[in-house]
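Labels for the chains are A, B and C, by order of writing; each one numbers its residues from 1.
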């Protein structure tokens, strides 16, 4: 399948500690995306309880929670993964790399569309929180433990609490 | 039971992605509070090993660790939950909302009462760490990834490292 | 065995909520170090798939991921543990205490040796991220949620994003 080939390709590109392609099948990032696809299948067919069951199963088994309502692009790579939360109305572009502890969440003040839009080729460092219905541009790097609450243009690096642009 | 009714009520209020009340029973926050109650039962009866077993089981199955010695108020809502740690001597008021990655912990310097007291109607954002025997007032909001090491008065918002009051 | 004796000793020293030494065997920190030792055995004998299997098993069961290539010193104590990630080329000295959510990771820019070296008697607070091939001296304390990207001399305390020295 194309999806598996792509996942092996991004894992080889992003994880220098990989020794063989079989190890990809053990990784929690790969498993979480498979479980997301199952969860999303039931979600689209309005079997919400089953959908939620697979989402919670993914959280228990992989530490990664991707809400089936989220839209994820091609070649998403989730490294390490423990504690990753991706909210219901989040939208993720292509070639995004997400590390453990990242949240694409809400601020608790909005209803409806309340989670961020992430552009293409974005790198989100471990522990970063991106909250609210905001837009993150293409080729953005977000530093570890940063808290991003506002729109971010393309081609910049953001660090700190609250997230500030440090490099163009 | 009253507890289950309350949990369903707070889940509906705080989680806009919920589609039916049955999904509450799948959520890790609900399960962790049940396991805390079991763990606390054995703790009060001085069966410390059994008590610890259920605490560690909760951590494995839900990612949430609530020490059986902690006192939690009514209608505590733990959303997402992965990585939540609540220490032995922590005290939590009523109607508190805690997100994933929150720690109510110690600083490693104190013995005895060494974890925080949280007031009523407090909102603690994802990844926030509240450390030491400090008092957090009522209606406080604590931002994502904040580190709070000092007392916080009521009705304020705290963000950053170390946590600073930004809004009255 | 000497290792088990040492682990009991450090757990008693660092965890005031412990009621008996048997509880050490339930703790995820203890289990993760056992699984690391198994994983490392297969790693040294170049059975990389088996090695990776035990690393991923440790992550699923304990929330702690220690790459078998990492070198850890004596009497390492991992408290709570959920979300701890220790990278392939990390080196940890003796008597180090690591809390939950700590990452000893890479910056994504380096190849080869790309994870930090930690000195002896270092205390790393919950949620702290130490990234890149940097050196952390002896007797250093690193605050909760700090992000450390540069070398740190001995006998200092580091807090914030990016990590700054606050106390000598």
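Throughout what follows, a contact is a pair of C-beta atoms (placed from the backbone, for glycine too) under 8 Å apart; a residue touches a chain by one contact, two chains touch by 3 or more.
The shown structure was predicted, so the numbers you read here are calculated from the model rather than taken from an experiment.
Asks: Write the angle of the rotation needed to overlay subunit A on subunit C, where the fit uses Cα atoms and the result is rounded to the nearest 5°.
Replies: So the angle, rounded to a multiple of 5, is 120 degrees.
Asks: Could you classify the subunit B-subunit C contact as same or different, where same means more than half of all interface residue numbers appear on both copies?
Replies: Looking at both copies, the contact residues mostly diverge.
Asks: Per the centroid of Cα atoms for each chain, what is the distance between subunit B and subunit C, given in Å?
Replies: 25
Asks: Residues touching two or more other chains, restricted to subunit A: which are they?
Replies: Each of 63, 82-83, 101, 127, 145-146, 161 in subunit A touches at least two other chains.
Asks: Flag every residue of subunit A that touches subunit C in the complex, lowest number first.
Replies: Subunit A reaches subunit C through residues 14, 16-17, 19-20, 22-23, 26-28, 61-63, 80, 82-83, 97, 99-101, 123, 125-127, 143-146, 159-161.
Asks: In their complex, what parts of subunit B are in touch with subunit C?
Replies: Checking each residue of subunit B against subunit C gives 48-49, 52-53, 56, 59-60, 63, 65, 67, 69, 82-83, 85, 87-88, 101, 103, 105-106, 108, 111, 114, 127, 129, 131, 145, 147, 161-162.
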